[in-house]
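So, here come the structures, one by one.
Two complexes follow with chain A in common, the first pairing it with chain B and the second with chain C.
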Partner chain A sequence: MAYLGHAALLLALALSIFGAGLCIVGERRRIHELSVAGVRAVLGVTFLIVVASAILLTAFFVHDFSFEYVAGRSGTDMPLRYVITAFYGGQEGSLLFWALISGVLASVAFSRNRSRFPRIVPYAAATFLVLQSFFLFMLTFVASPFDISAVTPAEGRGLNPLLRDPGMLIHPPLLLAGYASFSVPFAIAAGALFSGRMSLEWLRFVRKWALIAWAILGAGIFLGGWWAYRVLGWGGYWGWDPVENVSLLPWLTATAFIHSILVQERRGMLKVWNVGLLLASYVLAIFGTFVVRSGLIQSIHSFAISLVGPYFLGFLVAVTLLSVGLIGWRLSMLQSENTFDAVLSRESGFLLNNLVFVGIAFATFWGTIYPVVSEALSGERLTVGPPFYNQVNGPLFLVLLVLMGIGPLLAWRRSTVDAVARVARLPLLFAVVTIIAILVLFGQPKAAAGAAAAVFAIGAVFVEYWRGAQLRRKNAGDSWLTAFATLARRDPRRYGGYVVHLGVAVIAIGIVGSTFFKSERQVVLSPGESVNIAEYTLTYDRLGETQQADARVVTAYINVESGGRDRGGMEAKRFFYRDFESQPTTQVAVNTVGFDDVYVMLTDWNDASAASLHIFVNPLVPWVWVGGLIYLVGMVVVFWPAPVPQRAAVRSTVPEGRERYGSAAT
Partner chain B sequence: MAPRQRSLAAILVVIVLVITSSASVDAQDTYSERMLKLFRLLACPVCQGQTIAESQSALAGSMRAIVEEKVQAGESDEDILQYFADRYGDSVLIDPPKSGVGVGLWWIPPLVVLLGAAVVVAYVRERTARQAPASAATSSIADDELEEIAREVLANRSGTERASQA
Partner chain C sequence: MSAEALIVTRVERRHPWRNVRLLIVAAVIVATVGFLVFSAMGSSMAYFQTVGELRAADRDLTGEPLRIGGGVLPGSVEQELGTELRFTITDGTDTLPVVYDGVVPDIFSEDVQVVAEGRIGPDGVLVADTLLAKCPSRFEAEDSATG
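Up next, the complex of A and B:
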């Protein structure tokens, strides 16, 4: 079986090199059939990767410990769902997963659009196949999941206990898929640069796939926060750890891209910048993978440090050079078609937005690599922790929130301060009330500024919806409800985008609350003793010990009270997995009471059942998760298929230059 | 099993006592909030990317004890952090100094953002068409409204087209 898997990957490698060759020759010699065959090679390569993945998954299911990879990451007593986690729980499997996801996405993207973009897609496919052959090379010659061990062990070593959590079923695959999916927009952009065809149609094509990659990566990062909050037990969801930082980098540049691409679509400007952001997002995804796997920067969760680092460094350099070279070569095709009409306009708003997003990305990048830089400069390796990011990125995020509120209220081409002030009146009023209320009640200026900016942004979303709905009522005579529904249906990208803004603002409020109003205590309690924190009283009941299939579980039972009312029981657990007894994992107990999270971690205990507990009260953390759900709803609106026949009709009746006014999503 | 049963009995007794007395005496903190804050500002010198707040190593344990001692002795946060920096180097400081080799860390990002802002301003100014104010009259209708009207017209046209096709 292992040989079959290995053979499938080797064949895939050969086919992708061959396919890339077909595409290039086909395009250069104008032999249409060769190009078509080359694009089909993407499907063939993906099929072979699917076969290899199926073989590996089967080996996990039947506990075939002759596979070194399977023996190293699973055991017979492991619950079935974690067998799936084990698939991508190591270096080799995660590379295979990467190749699988990018292959599937590219197959869909290329086969559906080949006839629409007959000159771009072959070059895009060639680019993609070259990227894919790097991964296939790694999978066959450097880090093969199909290596056979000399002696087949009777029992596997089991999975890293930190990965044995339900969160691990969705967070790592989404994050990896997010990284991997950036190869599709990268290939489409490179294809357009190679072929020299960059129409407005192409812009929609590449934007759609950039949006998909951005959405997947964003969901992966978000779930990572949720997992960290529940499992790592330090009371927070984001610790500015290098591994978290590098996942944020491509997301930040991609977020900048999906905003500034609107300027190119409407006004034909910022072309170099946009294509640069897009290519940079993929380069940063590779950079992230390199940092995580090379051990260049110390992190608590580098699970997969190994020998692939140098290869990834080489790949990173190659991809960077390719990106810079392509843009430099096609610079003359990337000239602006327009100029600004006024300094204050939606366009300049987007420019500012981009400046801040890229600024945050740079600061995050700089803080992440500075330990290495400082070591080179002075021989001493500095440690860059949360205080740096809070002080540098904090103000930038605040500016971003304010821009998120003002931006949508600016008119395209030309806007005036008066016009903005007129529509922003109500949100501004709410923001001022928020500032005063927080200053009076808590005396926290930073929290007041953050919350006010978020409130302002929320207000702006409502103003935008209300303005749009009012126009529809006036022009089409719709009822309020129909008007709202029509807005989202007619222009899903814009009005779905506003829902995303709403989600971000709600998340921001949650972050402000949990950053500035957190309480914390660390205590040792004997059974029956109580501890007071914020307005809560926690009573430690007893310690219990149970045995489950693959682990011994120690549980502290705690009861929460506030305002004279019983708020229910909590169970803070530690798991001692077989063969990993020295590194017990945590399951934090979280009890959400109203807007507060009461959060308890069991740190230690003794024979007399006295337990050492680390207790946090994290206000507004539930808002972060609710904001995430709103964000998802926004994504659904954005991706909801637009009414197709109407859109097609519009396109056919609009003359070339005017096409920009039909802004239905593709 | 006997000790466990005995401790269970003890627990029951305590629970009964607590319920009957219903007095909730507040527990003694292992570490004060200030100590916990300081723990999070000190990297464990022998661990991978952990602070002494979460590290289980012996060194982290003794560092926690020193922090506790110094806080109780009334030393300031700066003095305590400096004590560890003197012994283990600046690399133990999670919040690196803004002087020395830390200058590049703290000052380059703001500089880059300011430089970027200057470039954006210069770009917008250079690319702004110098129009006479009179020609700005068209913008008295908000762009959004124009867009909406355009869309209405187009939708109606395509609607009639479809009607005529049918």
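Up next, the complex of A and C:
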């Protein structure tokens, strides 16, 4: 079995290199059949990777501990769902997972679009196959998941207990998939640069795949926060740890890209900037993987530091050079067709939003690599902690929220202050009321500013929807409900995008609440004792101990009251997993009362059942999760297939209302 | 006809940045980012050192913000229920006593790699306000056992 898996990967590597060669020769010599065969090679390579993945997964299912990889991270007593988690729970498996995801996405992207972009796709496929060759090389020669151990152990070592959580089922694969999926838009962009064909249609093609990668990575980051909040027990969801930071970097540049690409689509501007952002997103995804795998930067999550680091550094350098080289080579094709006419215009809004996004990315990158930089320059290793990121990125995110509100209200080319003020009147009023209310009630200027910006952005989303629906009601005589539904159906990108904006603003409110109004107490209680925190009274009832298949569980039973009402019981648990007794894991008890999270962690206990509890009251954290759900709904709207006639129109010509200035489109 | 036939021909070169007012706004944003980074650096920078590097330092680092990485010395951990945690951090040769009052990470135990952030008091004890324990490796089973 293991040999079969290894052989499949070797064959995939060979086919990958061969396919890339076919594409390049086919394009250089204009032999159409070779190009077609080369693009098909992507499918073949992906098929072989699917076979290898299936073999590894089967080995996990049947507990074949002759595989070193399987024995190293699973056991017979683990629930099935965690056996599957173990597939991508290690270095080798996660590389295989990367190759699998990018292969599947690329297969779909290239085979569906080959006939539409006969010159771009072969080059894109060639680029992709070269990237894929690197991963296949790693999987066959450096970190193979199909290594066989000399002696087959009777029982596996089990999965690290921290990973035995439902959040871990989806967070790491989504994050990895997010990183991996950036190889598709990267390849499409490189294909366009190589072939020199950068049409308006290509923009829509590359934007769609960038959007998919962006959505997957965003969901991965978000679930990471959710997991950390529920499992790590420090009462927060984001700690500006280097590993978190590097996952944010490609997301930031990709977010900038999906906004500024609209300027290129509409006005033929910012071409170098856009393609630079897109290529940078992939480079940053590789950078993230390299940082995580190489141990370059001290992080609380240092993964297995392994041989993989130097290879990834080489790959990172190669991909960076390729990106810079391609842009430099094609600079003459990337000239702007227009100029910025006014500061107060949609395109300027996008440009400023981009500068802020890139500013946040720069600050985050700088803070993350500063230990390395300072050591190289002065010999002293200096680090910056979370306060650095909060001080820099806090104000910048605030500016972004405001821009998020104003941006959609601005007209293309030129807007007037009067026109903007007219539509922004209501959101602005709400924002002012929010500021005053928070200042009067809590006296917290920073919280007031953050909440007001979020309220303003939410107001702007509603204004945009209302304006659109109003127009439809007038023109088509729709009812309100139909009008709203039609808006989203007719222009899913725009109105789905506004739903995403709404989600972001709701998340922002949650972040403001949980950052500025958090209460925290550490107490030792004997059974029957109570403690007060914020407006809540927590009574510690008793300690219990139970045994489950793979772990011993200690539970503290707590009851919550507020305003004279019983708010329900809570169970804060500690798990002692077999073989990992020295590493107990926490299951935090979270009780959501209204907009507050009462969050209890059992830290220690003694023989007399006295328990040491760490208690947080985190206001508005549920808003963060609800905002995330709204964000996902927005993504669904964006990707919802457009109605058929609309699609036909898009295919044949530039869509209505999207005429482009100054381009010599034929 | 394929969609790519719409090749954009070379357009007369026009500089997109001719708008002076926009340039000013952009410069303000860039300067703001620069200023924020610069000012925040000063207030949140800390030295990251191992115990050995700390001992070997030329300057007296008492009272400076420090971030010390190392292992937990076996047998040094003392904590009664509800009291502060005391332990000794080591790089194998040099040692540094640490006192910490806060959430102790799940995986904190003897021999685990930790990062303690805080300041060294006059008594030579590091008063930590943050304690991070490093997962042996997040996605692997305990590899340190087998290497």
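To be clear about the criterion, the second predicted complex is superposed on the first by the 645 of 666 C-alpha atoms of A that agree within 3 Å, B and C clash if a C-alpha of one lies under 4 Å from a C-alpha of the other, contacts with A are read in each partner's own complex, and residues count from 1 in each chain.
Here, contacts are C-beta pairs under 8 Å (C-beta built on N, C-alpha and C of every residue); 3 or more make two chains touch, one makes a residue touch a chain.
The model shown is predicted, which means the values in this text are computed figures rather than measured ones.
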{"item": "Side-by-side fit of chain B and chain C on chain A, or clash", "value": "clash"}
{"item": "Which of chain B and chain C A:L43 touches, first, second, both or neither", "value": "neither"}
{"item": "First (chain B), second (chain C), both or neither touched by A:V373", "value": "first"}
{"item": "Touching partner for A:V626 - first (chain B), second (chain C), both, neither", "value": "neither"}
{"item": "Which of chain B and chain C A:V384 touches, first, second, both or neither", "value": "both"}
{"item": "Partner chain(s) touched by A:A14 [first = chain B, second = chain C, both, neither]", "value": "neither"}
{"item": "Partner chain in contact with A:S609 - chain B first, chain C second, else both or neither", "value": "first"}
{"item": "First (chain B), second (chain C), both or neither touched by A:V324", "value": "neither"}
{"item": "Touching partner for A:L352 - first (chain B), second (chain C), both, neither", "value": "both"}
{"item": "Contacts of A:R414 with chain B and chain C, given as first, second, both or neither", "value": "first"}
{"item": "Interface residues of chain A shared between complexes with chain B and chain C", "value": "234, 269, 298-300, 302, 336, 339-343, 348, 351-352, 355-356, 359, 362-363, 366, 370, 380-388, 392, 396, 522-524, 612, 662-663"}
{"item": "Residue numbers on chain A that touch chain C, as the complex places them", "value": "72-73, 89-91, 94, 115-120, 157-160, 162-163, 172, 196-202, 232-235, 268-270, 298-305, 332-333, 335-343, 348, 351-352, 355-356, 359, 362-363, 366, 370-371, 380-388, 391-392, 395-396, 399, 522-524, 580, 582-586, 601, 603-606, 610, 612, 614, 651, 662-666"}
{"item": "Touch list for chain A against partner chain B, complex", "value": "234, 241-242, 269, 298-300, 302, 336, 339-343, 346, 348, 351-352, 355-356, 358-359, 362-363, 366-367, 370, 373-374, 377-378, 380-388, 392, 396, 411-414, 419, 467-468, 471-472, 475-476, 490, 520-532, 537, 539, 541-542, 607-609, 612, 645-646, 649-650, 653-654, 661-663"}
{"item": "Interfacial residue positions of chain C with respect to chain A in the complex", "value": "2-11, 13-19, 21-22, 25-26, 29-30, 32-33, 36-37, 39-41, 43-49, 67, 69, 79, 81-82, 102-107, 109, 115, 117, 130, 132-143"}
{"item": "Parts of chain B lying in touch with chain A, wherever the complex brings them together", "value": "3, 7-8, 10-11, 14-15, 17-18, 24-31, 33, 36, 41, 43, 48-51, 53-54, 89-96, 100-102, 104-106, 108-110, 112-113, 116-117, 120, 123-125, 127-129, 131, 136, 139, 142-145, 147-152, 154-155, 157-158, 161-162"}
